[in-house]
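Each structure below is given as structure tokens.
After this come two complexes, each holding subunit A, first together with subunit B and then together with subunit C.
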Partner chain A sequence: MHRRLAWLLLAPALLFIALLFMAPVLALLAGAFRIDGAWALSPLITFFDEPLHREVYWRTLRIAGLATLTSALVCYPAALAMVRVPPPWRGLLTGLVILPLMVSPIARTYSWIVLLGRNGFFNALLQGLGLSDEPLKLLFTEGAVFVGLLQLMMPLMLLSLVSALENLPADVLAAAATLGANRWQAFAKVVLPLTQEGLIVGGTLVFTGCVTAYITPALLGGPQVLMLETLLYQKVNVMSDPASASVIAVLLLVTTLMVNQLLKRVSK
Partner chain B sequence: MLVLALVFLLGPFIVVFVAGFSGDDTLRFPPQQFSLRWLIQVFTVEAFQRSFVTSIVVALGSTLLALALGVPVAYALSRFRLPGAEAVRLLLTLPLIVPGIIVGLALLNHGVLALNLPVTLSLLIGHTTLLIPYAVRVVSSSLANLRVDIDDAAVTLGATRLQAFFKVVLPNIRGGVAAAFVLAFITSFNQVPVSLFLTGPGVSTLPIEMMAYMETSYDPSIAALSTLLVVFTIVLVAGTEKLLGISKYL
Partner chain C sequence: MNSPLLARVGLAFVLGSVLGALPLVAQSQSQSQSQSRSLVVSTYGFNGDLLKKHVYDPFKAQCKCDLVIETGNVAERLAKLEARRANPVVDLIQMPDFTALEASNKGLLQPIALAKLKNLGEVYDFGRDPLRNQQAVANTVYLVGLVVRSDKPASASVTSWKDLWRPELKGHLMLANITGNQGLATLFMADKAWGGLATDLSTGIGKIAAIKGNVVTFYTQTAQMTALFAQDEAWVAPVGRFAWPNLKKTGKPLKWVVPKEGQLGVMNVLAIPKGAKNADLTEQLIDFWLSRDVQTALANDLVDSPINRNARPRADALDGLTFGAEQIDSLTFMKPDMVVRERAGWVNQWNRMISTR
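For the complex of A and B:
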């Protein structure tokens, strides 16, 4: 009786997800494996024949990787500093870090348009300081997309690292110092290995977030600096190439799943 | 380094906030004059009005639906020991893993185009699937803190399972449900990838409309809208936090 009730409670949600989410998505993904009505793996391979496709895929991985690395380098010291902050301020700080995650990515990305545009802040500054005669093209470059994504994803890395550092026993660093380690050694040989799970969690969140980003590449990169998701959009709405769209969908999903699997392995 | 990180993270908010108060005709920073003109003007743009209403309706609808579907799941998973629990949890996590843009495109191709579903309904479906995992997770963590024997005690005292749920369990997980509501609502309201393919000239959500506007106009309207949205978000989150203390469930 109890089991029946439990499944009854689960059924609506499970059916909803199975029929209205899984079925359409699987149908879309299946489209990547069909050629002339038959099943084949070739569309995935021929997709990479096109130079634009290779360029976009590589660019997406590159920017995502760079953003992940940079966020780790910046957030580790920041997290180390943050865990030393005493309680009343800590809550406020944590709130300040979480807040950006709740605000629309459009608003967060838009600020870069304001800052990097032709009449924007940085150009005005450069010209005002006499460092340049005419506005530089800062927007619609890979750099702009990189900075935008970094800013978008950083709270995720920061919070992961803070969480990992909080679980570090307090006397570990003191013990290392007693045994003769300087700060660098203490970090590299003690803190880093003990908090690597937090690093991996943050890393996967940032990496997948960057690979599957749409708004930031669309606003800061435009049609000249395409990433996987903006390319997907183009394929559907501009180029009328649904076959490629399905392949990109598969690529996105495979990349995300692989990174998620890595996360599961490490978390065990 | 911490200070630098914080400046990097929060600086842009301040930039957008200040730009929203600009009185200029085009977007520049720092603004040459300040005024409330764009903040007021955005309320009059028809496209923004329409899409705002759509966004609110979809967010409200999908949040309520996600809670209606998700709360029973959270309850079932926490109160019963089920053989397929792991598989269920995996299925429920899928919407978080699959990139939203794929969901939107899939629903477009196989929902709107193939089955002739109305666009707003497809939006609702797409958003709901995305929100169910959030609802389940947040309510689950709230249920985990509630002693299992409470509803058993109620049943022993003569209540049916249903009465026990509504009169005993629900009031105690009120905070968790509220937190789930706020989180889901905000997620739906800000959602772009899923809505991207599902919106068109007739039906659009506010974020999509904002992005479209940015392609053709360079005035501070979007900055003003962003300012309003940031304020709206802060008020919503801070308000519910003060009233219900939701942060411990997030």
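For the complex of A and C:
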């Protein structure tokens, strides 16, 4: 009886997900493996036969991977500091962390255009410090896309890690110290393993966000720094090539799932 | 009061009410019959309020019919047209000439009775039947020329598309990406200027690839291009005329240059989907859209440059328009069939040269 009731309660949500999410996604994915009504792997092979597509895929992986790694390295110490401050201050810090997420992505990206330009803040700083004689090309480069994505996605990593660290029992560090562990050993052998779920969730969110972002690579990278999402837009809107667009959609999904599994495996 | 009197008063009241209401009923029936004809217009998502003011509302008042507006980008609207091929919903679609040809090649459009369009005679020759199959009429034209910083010697002396290859413009040259009309125009004019065949555009692509290191970026949006001029990042760029008023608002010393090889004209057209059920009424709407008054009103509000040669926009609006003999005579057009046939190949070739190391 309880089981039946449980299914009954779940049914609307399951139906919603099945009809409005799973079915369209499966239909889209199936499109990547259909040629003239028959199943085939050739669209995927043809896609990777093109050197440009291989370069775009590799570039997307490289930028997203680097942004994920950097956000983990930067956010772990920040999250450790945040969980140590008193709760009212922690609330304020959390608000500051999510503030970039509340700014329009277009406005945020345009502000990077101003900062990274030849006459922008960073070039003025580099020249002021005597590190460069002339303005450097910072904008419309892989570096610009990386910085834009890092700023956009870092809050997701930070919040995941803060959440995981908040659930860490307060006395484990004291116990580790009692058993003779120094600070680094306590972090590596106690804190890290116990908060790895937060790292996996944060890592997956950041990586997925980076590979599927459109506005940041489109505005800060431009056509010189094509990524999978900007290429997908071109395939649909300019080249009327839904078959290649479906292949890219499959790649985005499979890559994200693989990275999630990889993070889980590494953390074991 | 006795009851027969009450009954008579009551009867008179009821009869009076019924008789009084009859004209209202008749009017409402007549309205519902005319209102029952409804046209679906598929168009771009911008300037909707001004199009409503100058085209949709006046036409509704004239035809006593209703207009339903569907907006979206061209690819999305073309895909919808294809998906509803068996049972078309849209009565009138607005799109670039080459996209209209793509739709026509797929059998998605039907001929327009051009002879019924009273205002067609006032339309520039090139806009009357741009697909050469009577399936579309241009409703606007705009040009793509060059905008330069007049205070920088390197850019102020630009008079030709070939001048964009000058080494002194390195780091200040902005081009448009091939995914937009301005990019396509740049590529076409570069190919023409450097003696290409104007059919495969490989000369133009090769030439642009050779200076990709000089280019600030290949802009994809007009707002991005304006921002880069405003920040002194760019000194020269190919620009659609519609963007000129906003560029001047940046306060930078900019001037419009008509290159000696000419400027490229880009047309938007109106077309009727195959199987549309209200072709006669739609043709009236097309004719209305092409009329001198509507074209003048749209031009005055910088919605679209006029395709009607007799439109007379206000003097203060001319700067943002493609208008006047000098501009119209400087226009070169790409053949829509060539764009349809080659565009995907050009984009692939462009991406390989621009987006790879």
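As a convention for this text, the second predicted complex is superposed on the first by the 211 of 268 C-alpha atoms of A that agree within 3 Å, B and C clash if a C-alpha of one lies under 4 Å from a C-alpha of the other, contacts with A are read in each partner's own complex, and residues count from 1 in each chain.
Simple rule for what comes next: contacts are C-beta pairs under 8 Å (C-beta built on N, C-alpha and C of every residue); 3 or more make two chains touch, one makes a residue touch a chain.
In this text, all values refer to a predicted model and were calculated from it rather than measured experimentally.
Applying the stated contact rule after C-alpha superposition, one finds that A:A72 touches neither subunit B nor subunit C.
Of the two partner chains placed by superposition, only subunit C is touched by A:D241; subunit B is not. Contact comparison for subunit A: of subunit B and subunit C, B touches the greater number of residues. In the superposition on chain A, contact of A:P51 is made with subunit C only, not with subunit B.
Contacts of A:L10 after superposition: subunit B is touched, whereas subunit C is not reached. By the document's definition of touching, both partners, subunit B and subunit C, reach A:V114. In the superposed pair of complexes, A:Q224 makes contact with subunit C only, with no contact to subunit B.
Shared-chain residue A:F140: touches subunit C; no touch with subunit B. Overlaid on A, the two complexes show subunit B and subunit C touching the same residues of subunit A, namely 110, 113-114, 117, 119-120, 218-219, 236-237.
Within the complex formed with subunit B, the residues of subunit A that make contact are 2-3, 5-7, 9-10, 12-14, 16-18, 20-25, 27-29, 74-75, 77-78, 81-82, 93, 95-100, 102-108, 110-115, 117, 119-121, 124, 151, 154-155, 158, 212, 214-215, 218-219, 229, 232-233, 236-237, 242, 245, 249, 252-253, 256-257, 260. Subunit B meets subunit A in the complex at residues 1-2, 4-6, 8-13, 15-16, 19, 26-30, 68-70, 72-73, 75-77, 79-80, 82, 88, 91-92, 94-95, 97-103, 105-107, 109-111, 125, 128-129, 132, 136, 161, 186, 189-190, 192-193, 196-197, 207, 210-211, 214, 222-223, 226, 229-230, 233-234, 237, 247, 250. The part of subunit A that touches subunit C in the complex is made up of residues 50-52, 55-56, 110, 113-114, 117-120, 135, 137, 139-140, 218-219, 222-226, 231, 234, 236-241. The touching residues of subunit C, when paired with subunit A in their complex, are 73-76, 78, 102, 171, 177-179, 212, 216-221, 224, 227-228, 231-233, 343-344, 347-348, 350-352, 354-357.
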